[in-house]
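First chain written, first letter: the chains are A, B, C and D, and each begins at residue 1.
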Amino acid sequence: MTQPEYDPGPQIAHAASINLGTPDLERSLWFFRDLLGMELVEQVGGVAYLRAYQELTHHSLVLTQQEEAKVNSYGFRVKRRQDVELFHKQFENSGVRALELPAGHERGRGEAVRFLVPGSEHPFEFYYDIEKPLAEESLRSKVLSNSSRRRGLGVRRLDHINLQTSAGTVNEAETWLREELGFKRREFARVPQAPDVILASWLSVTPQVHDLAIGVAAEDSTAQFHHVAFNVENFHDVLTAADEIRDLDIAYGAGPGKHGIGQAMYLYVHDPGSGHRIELYSGGYLIFDPDWAALEWKLPELEWGQTWYGDVLDVGPGGSFLSTSPSAGLVP
Amino acid sequence: MTQPEYDPGPQIAHAASINLGTPDLERSLWFFRDLLGMELVEQVGGVAYLRAYQELTHHSLVLTQQEEAKVNSYGFRVKRRQDVELFHKQFENSGVRALELPAGHERGRGEAVRFLVPGSEHPFEFYYDIEKPLAEESLRSKVLSNSSRRRGLGVRRLDHINLQTSAGTVNEAETWLREELGFKRREFARVPQAPDVILASWLSVTPQVHDLAIGVAAEDSTAQFHHVAFNVENFHDVLTAADEIRDLDIAYGAGPGKHGIGQAMYLYVHDPGSGHRIELYSGGYLIFDPDWAALEWKLPELEWGQTWYGDVLDVGPGGSFLSTSPSAGLVP
Amino acid sequence: MTQPEYDPGPQIAHAASINLGTPDLERSLWFFRDLLGMELVEQVGGVAYLRAYQELTHHSLVLTQQEEAKVNSYGFRVKRRQDVELFHKQFENSGVRALELPAGHERGRGEAVRFLVPGSEHPFEFYYDIEKPLAEESLRSKVLSNSSRRRGLGVRRLDHINLQTSAGTVNEAETWLREELGFKRREFARVPQAPDVILASWLSVTPQVHDLAIGVAAEDSTAQFHHVAFNVENFHDVLTAADEIRDLDIAYGAGPGKHGIGQAMYLYVHDPGSGHRIELYSGGYLIFDPDWAALEWKLPELEWGQTWYGDVLDVGPGGSFLSTSPSAGLVP
Amino acid sequence: MTQPEYDPGPQIAHAASINLGTPDLERSLWFFRDLLGMELVEQVGGVAYLRAYQELTHHSLVLTQQEEAKVNSYGFRVKRRQDVELFHKQFENSGVRALELPAGHERGRGEAVRFLVPGSEHPFEFYYDIEKPLAEESLRSKVLSNSSRRRGLGVRRLDHINLQTSAGTVNEAETWLREELGFKRREFARVPQAPDVILASWLSVTPQVHDLAIGVAAEDSTAQFHHVAFNVENFHDVLTAADEIRDLDIAYGAGPGKHGIGQAMYLYVHDPGSGHRIELYSGGYLIFDPDWAALEWKLPELEWGQTWYGDVLDVGPGGSFLSTSPSAGLVP
C-alpha cells in the first residue's frame, strides 16, 4: 500500500494452541482423536500433537503424558515473525520475566517466548513459525481449506481458552492482558457482592467475542484453568455430541445450552484421560464495529448471560465457576 | 500499550452496508422486514433504513424507491474517524476521483467519501461515524449484544457483497482492492479458458473468507452486482428459509447448498420488489493464520468449490455467473 | 381383501384435538396463531378453532373464552363412523356414563360421545366426522399434504396429551385406558417409594411412543392436566422456539432438552392467555414391532429417561410432575 | 377388550428387512457398519446380519456375498404369528405361488413365506418370529429403546423400500399390493404422457407416508430395485452425511434435498460394495386420518413433489427414475 513506513508493534494473531498434561495419554488420545475426530499429526514418546480438520498448522493441541493433570502452556500465534522478539523486549522493559524456547520445543513450531501473566501466573507461549504438514493421504479432504476430512464429532478448530485466578489478582491480570497484549474487552461482569472485582471478562484480538476469558476461581487460587473450547460447525453438532457423549462413560459437565454472553451453544465435558474440562462450542456473533463498547452483564440478566436456554451451568460461590486444573510455572 | 507512536494508515473495518434501488419499496420492505425479519429503523420519504438483529449501528441496508433497480452504493466502515480523510488523500494521490458526502447523506451516518473502484467502476462509500439507536421498546432483546429480538427468517447481519465486472477489467479491480484497500486474497479461481483472467476472487480484511468477492460478469460489462449476503445463525435456518420461501411467490434462485469455497451454506433468492439477488448465508470457516496463502480452485475441483452439495448454482458462459443489476455512477 | 366378514370392534385412530378454556382469548390467540404459527380456521363468539399446517381437519385446538383456565375436553378421532356408537354401547355395558354430543357441538365436527375416564375423571370426547376445509387462499401451501404454509415457530400438528391424577386412581385409569380403549403401554415407571403405583405410563394406539401419557399428580387430585404437545419438524425448530420465546414475556417452563423416554426433544412453555402448559416436541422413535414389550424405567436410569440432556424438568414430590390445570366434569 | 371374537385376517406390521447381494462384502460392511453406524449382529460365512441402533430385532439388513448385485428378498413382518400361514393360504386361494422357508433361513428369523408380487415379480418374504438379541456390552446404550449407542452417521432404522417395474405391469402390482396386502395409497402420480399408467405410488400399512413405493422403471423391466431408505433423526444428520460422504470415494447419487411428496429430506448414495442405491432419509409427516384421500401430484407441481428444494433428482424418460439392480426370482 502507498503508505509511510511504520511499525505497528507486536500483535497477537489468535489463541492457537494448548499443551495439556495427562496421566493417561492413551485415554486422552481416544477422546480427542477417536471421539472428537481430531488428527494425530505426530507423536514423540509421551507427547502427542493433534489438530482439528480446519486447522492447517502442525497442532493446536499437545497432549503430554505426565503425572499431574496440569496445563503446561497456553499458546498464541503472533502476527509477524519479529513480534516474538518484540514482545520479549516489551516484557523485559516492563519487568516481566520471560524465557526463550528454541525451535522444536514443541514439534513443528519455531522459536517461542514463554512468560507468566502478571497476577494470574498463567504460562503463555508466543510464537510465529509453525509447519503446515499435509495429512496422510487417507485422511485428506477434497476441500482445499481443510487439512483432513470431517469425522467423529466434527471438532474443527480450537476456539478459545477460559482462565481463572484469585479474586485478588483477576483485575491486575485482566488489565495487563488488555494494556500489554492488546486484547479488547468485549463483554464482562463484576462480582455481585464485590463490584470492584471482575467476575469474568471476555477478551479478543479477533472479531470473536472471546479468544480468551478470565475470571475469578472459586478456589481463590492463581493459574487456574477452566476449559479450552473447540469449535463445531452448527448448534446441531453440539446436540449430536451431547447424545453420544451422554451414552459413554465420560464425566459430563453441563449442556447443551446457549450462552446469552457471546450467543454460542455449549457442551462441557471432561477428557477422561486427564479430567480437563473441554467445551464443544458453536455459533456466537462476530464483532466488526471498530468502536465496540464492552457490554456489562448485571444481575438478574447475568443469569441469562450464563444460560440463555438449556442445561444450567454449575456456578460456585459468588457466581464464580469451579475450575478443573492448575497450570505449570515459568519453567516448562 | 508501551509502544512507539505510529500511523498504520487508513484501514477498512468491514463491509457494513448497501444501498439498493427498488421500484417497489413496499414489496421490498415486506421482503426484508416482514419475511427476513429485519428492523425498519427509520424511513424518510422513499428511503428506508434497516438493520438485522445483531447489528447495533443505524443501518446495514438502505432501500431507495427509484425507477431503476440498480445498486446506489456499497458501504464500508473504516477503523478510525480519520481514515475517511486519509483514504480520500490516498485516492487523490493515486488519481482516483472521489466525492465527499456530508454527514446525513445517509441518515445516521457521518461524513463519507465516495469513489468508483478503478476498472470495475463499483461505487464504494467509506465512513466511520454512524449512530447506534435503540430499537423501539417492543422489539428490544434481553440479549445485550442484540439490537432487537430474533424474528422472521432470522437474518442477523450483513455478511458480504459479491461484485462482477468485465473480463477486461476484473484483474485490475481485484489487484487494486488488494493493493490500495488492504483486502487479502483468501480463495480464487481463474477462467479455465483464459487462465490470465480472474474468474472470481474471495477477499477480506477480516477473518471471514470474504467480505467482498469480485468476478467476471457473464454480461461482460462493468459495475455489475451479483448479490449481497445476509448471515443466519445455522445451516438449519437456511433450510427453514428455503422451505418458507419456496412456498411464496418469490423468484427462487438456487439452494440450499454448501459451497466448498468458504464452506458456507447458501440460498439465493430475489427481492420481489427490486429483483436484486439476496443470499441467505450461514457457517463457513474463519481465517486466523497470519501467513495464509490464497487457495486456488481449478477444474474439476472448482465445481465442488461452487457446490459441495445441494442445489447446483446457475453458471453462465466460461464458468461465470449471471449478475442481477448494474450499479450507479460516481455521482449518487 | 378376500377375507371373512368380521367386526374388529371400535378403535381409536389418534389423539386429535383439545378444548382449552382461557380467560384471555386474545392473548391465547396471539400465542397459538401469531407466535406458534397455527391457522385460525373459524371463530364463533368466544370460541376459536385452530389447526396446524399439516392438519387437514377443521381443528386440533379449540380455545374457549371462559373464567376458569380448565381443559374442557380431550378429543380423540375413531377409526370408523360407527365406532362412536359402538364405543358408546361398550361404555354402557361396562357402566361408564356417557353423553351424546350433537354434530356441531364443536364446529366442523360430527356427532360425538363424551365420558369421564373411570378413576382419573378426565373428560374424553370421541368422534369420527370432521370437515376438512381449505385454508383461505393467502395461506395455502404448494405442498398437497399441508393445509397451509409453514410459518411462525412451525407447529405442524397436535402430537400427544399428558394427563395426571391422584396416586389412588392412576392405576385404575391406566388399566382402563389399555383394556377398554386399546391403548398399548410403551414405556412406564413406578413411584420409587410406592412400587405398586404407576408414576407415569406412555400409551399409544399408533406407532408413536405415546399419543397419551398418564401419571401421578403432585397435587394428588384427579382430572389434572399436565400439557398438550404440538409437533415441530426438527430438534432445531425447538431451539429456535426456545430462543424466541425466552426473549418474550412468556412463562418459560423447562427445556430445551431431550427425553430418554421416547427420545424426543422438548420445550415446555405456558400459554400466556390461560397458563396451560404447552410442549413443543420433535423427534422420538416409532414402534413397529407387533410384539413390543413395555420398557420400565427405574432409578437411577429414570432420571436419564426424564432428561437425557438439556434443561432438567421440574419434578415434584415422589418424582411426580406439577400439573397446570384441572379438567371439566361430564357435562360440558 | 370386552369385544366379540373375530379374526381380522392377516396383516403386515411393517417393512422390516432387506437382503442385498453384494460382490464385495467387506466393502459393503465398511459402508453400512463403519460409515453409517449399523451393528453387525452376526456373520455366518458370506452372510452378514446388521441392524440400526433403534432396532431391537436381529436384523433389518442382510448382506450376502454373491456374484450378482441383486436384491435377494424384501422382508415384511406380519402382525401375528398365524398371519404367516394365513397369508400363505390367501395366496394359494388367489393362485399366487409361494414357498415356505424354514426357521433360520435367515438367522434369528422364524418360519417365512416367500412369493413374487403378481406383475412386478418382486420377491417378498413374510415372517413374524425374530430374535431380539442384546448387543455386545461395549455397544449397549443407556437408552432402553436403543439396541446400541448412536454412532457413525447415525442410521437408526430401516424406513422404506422403493421398487420399480415395467409400465405394463406397474398398475397390476400396485393394485394387488393394496387389495391383497392391505397397503393404502397415500400419494401418487400418473405418467404425464400416459395417464392410465401409475408413474409412482407411495403406499403404507403404517402412519408413514410410505413403507413401500412402486413406480415405473426407466428400463421398462420387472423386479427392479430403486433404493432402500434408512432413517436418521434430523434433517441436519442428512447434511452431515452429505458432507462426509462427498469427501469419500463413494458414488454420490443426489441430495441433500427435500421431497414435496412425503416432506422428507433425502440423500441418495450407492453402497460401494454392491452399487445398490441407499437413501438416508429424515422427517416427513405422519398420517393419522382414518379417511385419508390419496394425494395426486400432476405437472407442474409434480416437480416440486420430487424436489421441493435442494439437489434435483435424476429423472429418466417419462419422469421415471433409473433403478439400480434387479431382484431374485421365486427360488432364493
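Simple rule for what comes next: contacts are C-beta pairs under 8 Å (C-beta built on N, C-alpha and C of every residue); 3 or more make two chains touch, one makes a residue touch a chain.
Keep in mind the model is a prediction, meaning the values are calculated, not measured.
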For chain A and chain C, the touch-path distance in steps comes out at 1
For copies chain A and chain D, work out whether under half or over half of the interface numbers are shared, and give different or same accordingly.
-> same
Across the interfaces B-C and B-D, which one involves more C-beta pairs in contact?
-> B-D
Here the gap between chain C and chain D, centre to centre from mean Cα coordinates and rounded to Å, is 31
Euclidean distance of C-alpha centroids - chain B vs chain D, Å = 46
Multi-chain contacts in chain B: which residues touch at least two other chains?
-> 142-143, 234-236, 243, 246, 304, 308
What residues of chain C sit close enough to touch chain B in their complex?
-> 141-143, 149-151, 154, 234, 236-237, 240, 243-244, 246-248
Would you pull the chain C residues touching chain D in the complex into a rising list?
-> 1-4, 6-9, 13-14, 16, 54, 56-57, 77-80, 90, 93-94, 128, 142-146, 156-157, 179-180, 182, 187, 206-209, 233-236, 260, 262-263, 283, 285-286, 288-290, 295, 297, 301, 304-305, 308
Per the touch rule above, chain A residues touching chain C in the complex are 235-236, 239, 242-243, 246, 255-258, 304, 308-312
